[in-house]
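Per-chain residue numbering starts at 1, and chain names A, B, C and D are given in the order in which the chains are listed.
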Amino acid sequence: MPINASRTEAPARIRLGMIGGGQDAFIGAVHRIAARLDDQFILCAGALSSTPERSRASGAALGLDPTRVYDDFATMAAAECARPDGIEAVAIVTPNHMHVAPALAFLQLGIHVICDKPLAASMSEARQLAAAAESSDAVFVLTHNYTGLPMIRQARAMVKSGDLGTIRLVQVEYVQDWLTEPIERDGQKQAAWRTDPARSGAGGATGDIGTHAFNLAAFVSGLRAESLAADLQSFVPGRRVDDNAHVLLRYASGARGTIWCSQVAPGNENALRLRIYGDKGGLEWEQEDPNLLWFTPFGQPKRLITRAGAGAGAEAARVSRTPPGHPEGYLEGFANIYIEAARAIRAHQRGELLSAAVEYPTINDGLAGLAFVEACITSSNHNSTWVPL
Amino acid sequence: MPINASRTEAPARIRLGMIGGGQDAFIGAVHRIAARLDDQFILCAGALSSTPERSRASGAALGLDPTRVYDDFATMAAAECARPDGIEAVAIVTPNHMHVAPALAFLQLGIHVICDKPLAASMSEARQLAAAAESSDAVFVLTHNYTGLPMIRQARAMVKSGDLGTIRLVQVEYVQDWLTEPIERDGQKQAAWRTDPARSGAGGATGDIGTHAFNLAAFVSGLRAESLAADLQSFVPGRRVDDNAHVLLRYASGARGTIWCSQVAPGNENALRLRIYGDKGGLEWEQEDPNLLWFTPFGQPKRLITRAGAGAGAEAARVSRTPPGHPEGYLEGFANIYIEAARAIRAHQRGELLSAAVEYPTINDGLAGLAFVEACITSSNHNSTWVPL
Amino acid sequence: MPINASRTEAPARIRLGMIGGGQDAFIGAVHRIAARLDDQFILCAGALSSTPERSRASGAALGLDPTRVYDDFATMAAAECARPDGIEAVAIVTPNHMHVAPALAFLQLGIHVICDKPLAASMSEARQLAAAAESSDAVFVLTHNYTGLPMIRQARAMVKSGDLGTIRLVQVEYVQDWLTEPIERDGQKQAAWRTDPARSGAGGATGDIGTHAFNLAAFVSGLRAESLAADLQSFVPGRRVDDNAHVLLRYASGARGTIWCSQVAPGNENALRLRIYGDKGGLEWEQEDPNLLWFTPFGQPKRLITRAGAGAGAEAARVSRTPPGHPEGYLEGFANIYIEAARAIRAHQRGELLSAAVEYPTINDGLAGLAFVEACITSSNHNSTWVPL
Amino acid sequence: MPINASRTEAPARIRLGMIGGGQDAFIGAVHRIAARLDDQFILCAGALSSTPERSRASGAALGLDPTRVYDDFATMAAAECARPDGIEAVAIVTPNHMHVAPALAFLQLGIHVICDKPLAASMSEARQLAAAAESSDAVFVLTHNYTGLPMIRQARAMVKSGDLGTIRLVQVEYVQDWLTEPIERDGQKQAAWRTDPARSGAGGATGDIGTHAFNLAAFVSGLRAESLAADLQSFVPGRRVDDNAHVLLRYASGARGTIWCSQVAPGNENALRLRIYGDKGGLEWEQEDPNLLWFTPFGQPKRLITRAGAGAGAEAARVSRTPPGHPEGYLEGFANIYIEAARAIRAHQRGELLSAAVEYPTINDGLAGLAFVEACITSSNHNSTWVPL
């Protein structure tokens, strides 16, 4: 059971910078591990915090060259662009409202951007960024990390190949419990910015996790959602954004779906769950046990397809490192987005066309995510009327 | 680990008749086992089929006295009422459109009625029956069987005692796959009547299984649903009733919920699933593994409460027969409704007040179910607008 | 999804008596439900306790004719034999040391015997009973109830048909925790007799649950165990019988196996688990989720075969009542042994040969169980040396 | 939910070399990811294959400086030792028979050794290495990687703190299916060396995976195994080492246990499973779902403790990167051994005493593993007699 060695090592590391991700950040550290895991990137520079002191302290803790730890992204963009060994790509891991400004700055300089989701704090700034991304030659990758997981790739391939027949239903849940109580009042940093409309955007759960759910539904089903009807709640008294959302979806193909996202359901840690059904079969998957995919061809026993095991195909193998039964997890899935980013950046650097096999979430996924959040809010504000997407 | 002997045996069997339930029927045989399991009823008479020949053949197969096998319910009601040893109760297990007429007949004669769900094929006839039930002295039991399961009783008790705090979310799914293909066209008897509006009523999945889901939500949460918004589909071409429904619910207390019921989701056999969350904890349960109940007090590890095991209380024990780890299932849950019916009938016969511990679904649950179906159809016909319940 | 109606009803009930099973008994109540579930037996008489007063009180609670409630089995045997409507079969549900004497008495009178397991408290009395059973014309059924479960029948059929290839490994566990503490000292009635060598026999866990595990291994694999090596423990201070056993098995075919039985493993309620592997595939099953059977054809994805679902064959259907997803449990499995007993008794009464499809545990299974217990004790007393079976 | 940032980044990387791990190797690539994941090591040199050409090709694929890719370990040891920037530590990832010679060479030069398990191909060479390790000042780490998993650390801490009371039973299984057929004959490289006594040592499954199981039992229980009795099989015709083993264990404390290891059980990928029971509670864990630990305090409901979730303590947090519900897997557990190695090496370099919190498998674990394999073979060759450890 040799692991997929051909993709886990490669000679030339891409020079990476980071915006945000200083001490106490969650997702910045995840990006760094993801970038490092397969030895395709090397972190060289950063503007790691909104306060210069913290940025420097964070840079020191990471062992960065102090001359390449910057007080702000604008200084960093200019300085790195001027260096012969300047960064080739930048990871943007700030709160949502601070994605667009640095992304614009780096795109304009032709530096590739790997940006955390959601794309922006509002649709209008998302559109501005999309325009910039289209006019820039640089690669833009949005880290909808769950699309990097092997069994999600497997599920997508099975849907595409017709194993489920015509898709009828796409059910996605993303359920957590960490905001069951008003911890944003107690200074919990993650809770504070994620429930602050000024920093997270108008969507709470819808933006933070609903966009993942919506993206996953689209990625696996290959279907276009046409409209939605939503009922949003802020169950926790005083909370300024939604912490629970019930969403009905209509797809252009005639398929239907639902999204339930919640941050107030005790007993759920990070329960992203996908179920998709067609007239010939069904697939079921849960993020907390990501190496398993349940497939039922209608009228036959349910089958358990495992990552790298019997029944898993080339699309799963392509983003898989270890033999069956040796579980890969969240970080490996995140790293797969970085692997795809590396492939795209290298193809760009060589002037080659990108292979069809390279798949990563793009600015369009980001726009769709913002459209989802806005439609949820609009619908909910209009008594759950159907709103086009 | 002695079993709950005090309730599994009792001297005097209640004389039971049956309307419907002849050969090829599903639910009639279930009712007979449920009535027999705890030795509280004895089947004495029946009008078992719409055709006299089949009724007689079915009666013979069941070993009934041929003089008490009748061609139709009206004849049976009159004849049994005239006998000194006539039936004390009747089980009505016909297709939905044939519940009300026999129920009215027996209620008028003071014979207790145990009726399969949904109560009727339409709201108007349901109201007629409700009026008759109120004016009759007889007991009326509707077999929403899942409310008889021990861990559902346990869940209800825990909600009531405040273990979950204030309820915020009530999520129920009832998902099957047996109607994925248009088997009603091939003469499958169960499919034929259940997808025929003339026999099942206007609701398909909503009536057949959605009413169970709606009833379960109310039973466990103790909350009153105030309005719903629904999107119904008939995915199978030519099908005349809904085979999938997405329903949003608003409860009077401010809680919210969803119901998803489907008969076209491959890989789901009889997947009734309840999840209920409050500001202090959550409960999760699945019908296919009915002896287990997952309880998470917020901020503590999830706990597995098992039927008759540590953590299960008196409400579960009351309807439980075997020690922990000796699974009880669908038939035992169904039998618990018959046990409750027997208790109610005996209390009635003795002129006693009914103990508060005796709980069974009533005509009001039946009315609520019909209201649910009608509201689903109304909402879906009006583009998922909110409809009061 | 009509249920298997042809077997759940039949006209002529077999008249049944019971020895043991009075108030506070566990297994007696189980036998009564099992006998009643499918309407094949009617309980008519009993000697329900070792004390006449308790026997009478228990008979009254069961609604038995007081003239047919006896003080002891010998009186009952004589009296019932003399009645024209005397019992046709007797269920023996006493503690182990009280199986043989009544069984001998009834067999001699040609009354069919349905006896709880283990067969006896010692090998010598087991042999005596076996001789009597062979010379008697009556049917003798031993209630190794787990062999009645549909998915166990399914597993056996798959092994027989070669789905696993040549069997290499048969791993069975039967693990409980109810004797973790010395509750026999506190007067817990079940614990008291089951840990008393005078009443249970020399084996504790080995006799009570190990015999089930050993029987299940033989039933499903179809293989003959040739020898065993065992290490037995009595972990609870003062306990007079084993409460844990580790057993290695060698089968005549060259296959190997293990049995682990324990009553002191906290967190295990009634965890009987079977895993069987051949050179072409593997099967896995757990009693606490008895409707599921996992099958892996080597080199293919694992498949979930469900009772009455796709992939389940005629052998499972034959002992199954409800559609897929409507779980059957412990009592239904037990009732299947009674169904088989009824078939055997009726064939006997009609003078017919028994159909090959009728399968129930016999006196030979009982002898094998006693041999298993004795070999475990002998091996453990000789430092786990291999002992022939 | 900030991740454990303090341990996932640190400035000064330890210079690492590698022996073995060239193209087509499995475990070498795993070691490289594990070393890289937390940015504590940088791979600088290697003798990556037994053939110089393959070593060079592998080095190029890894982007190593060609002058630091060596034809053999002896040349590498001498050359690296002479460089001012020579490696500080070496990872030995060759087949078992090639562990000792390079380990001796590097230890003699004071270069820290991180060695794959089992320690050696025979007890005699293991003892030779142990002597060298004792006389060397360098750190020696054996990669029994499963001891690095957070929930294994959690389990150990709970046992130590008395949550289970006095331990009675330690049950470990390590079950795979990849050697169900004689693939060693078809040139499958992993199978070829792992079933060749000259390269793997006399133990097959016992050495390859049984040593992991034995080590895990000791690590979590804290108990010393005193003797064992084993029955080993080579089920696949022509196989020269065991592919299945049933092992009984007696611990010095009076506890008992079993180990079942197999490579021929279809449907098992990498099923390492630990269950440990005391007089106050039980713990259950499975490697394929490594983020979960089931804990039953006797007499209370089973609890699910999750990595980084409620109920998980400091020992789990110390080796955990992501929030609850974001699964970590095999590679992260392996990386935790490298983290511990880095801590030990840095403490050594600073001349500091090692913190008690730093835990990694040592040469003594390696000796114990070899003793386990030898005892299994001896016992099995003597008809499963008990053999002291």
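Convention: contacts are C-beta pairs under 8 Å (C-beta built on N, C-alpha and C of every residue); 3 or more make two chains touch, one makes a residue touch a chain.
Given the structure is predicted, the values throughout are model-derived calculations rather than measurements.
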{"item": "Chain D and chain C - chains in contact with each", "value": "A, B"}
{"item": "From chain D, the most remote chain by mean C-alpha position", "value": "B"}
{"item": "Intercentroid distance (Cα basis), chain B paired with chain A, Å", "value": "44"}
{"item": "Chain centre separation in whole Å, for chain C relative to chain A (CA means)", "value": "55"}
{"item": "Chain B and chain C, separation of their C-alpha mean positions in angstrom", "value": "34"}
{"item": "Sites on chain C at which at least two other chains make contact", "value": "268, 295, 302, 306, 309"}
{"item": "Complex interface listing, chain C residues touching chain D", "value": "164, 168-169, 171, 177, 180-181, 229, 231, 233, 235, 244, 246, 248, 250, 256, 258, 260, 262, 264-268, 275, 277-282, 284, 294-298, 302, 383-386"}
{"item": "In the complex with chain C, residue positions of chain A that touch it", "value": "295, 299-306, 309-311"}
{"item": "Sites on chain D touched by chain A in the complex", "value": "1-3, 5, 8-13, 23-26, 29-30, 32-33, 36-39, 60-63, 176, 178, 189-190, 268-271, 287-291, 306, 309, 321-332"}
